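Both complexes shown next keep subunit A, but they swap its partner, so subunit B is in the first and subunit C is in the second.
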Partner chain A sequence: MTINKDVNGKALTISLEGRLDTTTAPGLEEEINGSLENIEELTFDFAKLEYISSAGLRVLLSAQKKMNKQGKMVVKNVSEEVSEIFEVTGFSDILTIE
Partner chain B sequence: MSKDVFLRQHKLALLLVLWRIPGVITSFLAAIASNSMIVWMEFIENVSIVAPGILLLIISAKLMKNLKFMFNYGIGKIEAITAQTCEIFDLAGLGCVLLFAVRKLIYPGGERNLELALIISAVGLLIDLFILYREKLLTEKDHSRIVHTAFLSAKKEFVFDFITIFTLIIGIIFHNTKWIVYFSPIVCIILIVPFSIEIGHHLSSAVQELIDLTLDEESQLLIIKVLNEFYDSYELLGDIKSRVNGSYKNIDISLQFHPDMTYKEIRDISTKIKKRIDEEIGKCNVNINII
Partner chain C sequence: MKKLEIEADVNQLNDVMAFIEETLDEAGAAPKTAMQVNLAVEEIFVNIAHYAYAPGKGNAAILVDVDKEAGELSVQFRDTGVPYNPLEKEDPDLTIPVAERQIGGLGIFMTKKVMDDVIYEHKDGQNILTLKKKL
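Coming up: the complex of A and B.
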């Protein structure tokens, strides 16, 4: 999986390409933890995300909890497959999806 | 599991290998010089400690680089793999010694250079004493299982060296008697029995540890779903770790709660989360760790 980060002032956009699973989730978590300082708006661009597993969902949930304290988090360009997983696991209720 | 833990393991394994190599060399020289069964057995015992040490060195280096293993492989798995290799090597070595010992009982042959073997073994004993002391210090500083295992190995090796030296002294004192040719093989066979039983226990526990699996993806999604149901009840989500052994399922969830919450509120929420996970994935043991 490829992780692209774009910081613009207090806004951070993370674009993911490939599969967010057990293998790649720890790398994303590390990236997020190292980049959230002074960030008030976190955006995930899932346009090229092919798959998300429970390990990836845990990282998203953890990021959402952190951003609740310091700003907001938005997920955009969610594919049909990923959207279905969000529905089943109740993520559609807690995430701001655009 | 942080990279620091693997780095520490890597350093400890390197220390273990470096400390053990002199013991392997001295016991090998002593075995070659004496052709004594008990000294060969000690050499095999030494190698059985160095071999898994090298394996641990390689595995911990790999784990520091490879995230795939880093995410789901805990310290228990590494120790289990190392222990399994160690015990299989020990069993194979003891099997060889048993065969040689039985052969020597059938075709008894004289042992030579026992004095030289005794001197070299005494040097080995000094090295073992030094290792035992250093590993005891490490155990006081670090309470990880791997350090404890290394300390136990050092103790075992020290006791074994003592028995070897005792056997060699008996061999030197009674070298003119007829029965002495049978002494070393018989001591070997007697020692093989308790060692094999102990190895059997360790091997069985290592296998149990290795057959532990992570919960299937569907169940893990259900755990995430339940955590979302209680989204407003906790502040932060930490690790979610799970393992399955036969029909036994164990799930560890790390959660941070709001500092204003009372103990009773946290306990009630934890109980509800456990109950819901139980309803979703069936009978399981859920531990909520507060971070």
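Coming up: the complex of A and C.
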């Protein structure tokens, strides 16, 4: 998986390409943890995300909890397959999906 | 029927997924079905890798079979670790507010949701978990 970060003032966009799974989730978590200082708007762009497993969902949940304290978090360009995973797990109610 | 015998370790996940991808390709599975099978296989294998032999090491066998007549794929996991029936795990409460939510049991819950059947048996000292999915 490749992780692309784009910071614009207090807004951070993280674009993911590939698979967010048990193998790649720890790397993303590390990236997020090191990037959230002073960030008030976190956007995930999932246009090129092919796959997400529960390990990836855990990272999203942890990011959501952090952003609840310091601003907001949005997930955009979610594919049909990934969207179904969000539905099944109730994550579609937790996340702000645009 | 194809079989992969592999060390139950998270570092082997890519090999496991490659084995499954190959099967899905041969079976001509639709992208959505393929993703669901990928998801279930990852969750079950990672569970075995984390818990079956901890803190030691051991192997897992993965047997795949495509029943062309019934249009059904079956993936069976066998390990000789601690007897454990993941189907007994309680489903996570999805109604709890996000700030209080702990993510445990989500993997097996997702597996049950995306597969048509998940069957557990303990036989001859083996945990045998079978996933079934219509193609």
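Some observations on this one:
In this text, the second predicted complex is superposed on the first by the 98 of 98 C-alpha atoms of A that agree within 3 Å, B and C clash if a C-alpha of one lies under 4 Å from a C-alpha of the other, contacts with A are read in each partner's own complex, and residues count from 1 in each chain.
Keep this in mind: a contact is a pair of C-beta atoms (placed from the backbone, for glycine too) under 8 Å apart; a residue touches a chain by one contact, two chains touch by 3 or more.
As the structure is a prediction and not an experimental result, all values here were calculated from the model.
Once the two complexes are laid over each other on the shared chain, residue contacts for A:Glu37 go to neither subunit B nor subunit C. Looking at the shared chain after the overlay, A:Ile94 reaches both subunit B and subunit C. Shared-chain residue A:Tyr51: touches subunit C; no touch with subunit B. Within the superposed three-chain model, A:Pro26 lies in touch with subunit B and out of touch with subunit C [touch as defined at top]. Within the superposed three-chain model, A:Leu61 lies in touch with subunit B and with subunit C [touch as defined at top]. In the superposition on chain A, A:Glu84 makes contact with subunit C only, not with subunit B.
When the two complexes are superposed on chain A, the residues of subunit A that touch both subunit B and subunit C are 22-23, 53-55, 57-58, 61, 65, 85, 88-90, 93-94. Those residues of subunit B that touch subunit A in the shared complex are 67-68, 70-72, 217, 220-221, 223-225, 227-229, 231, 234-238, 240. Those residues of subunit C that touch subunit A in the complex are listed here as 10, 13-14, 31-32, 35, 38-39, 42-43, 46, 94-95, 98-99, 101, 103, 106-107, 109-110, 113-114.
Subunit A contributes residues 21-23, 50-51, 53-55, 57-58, 61, 64-65, 68, 80-81, 84-85, 88-90, 93-94 to its touches with subunit C in the complex. On subunit A, the positions that touch subunit B within their shared complex are 22-27, 53-55, 57-58, 61-62, 65-66, 85, 88-91, 93-94.
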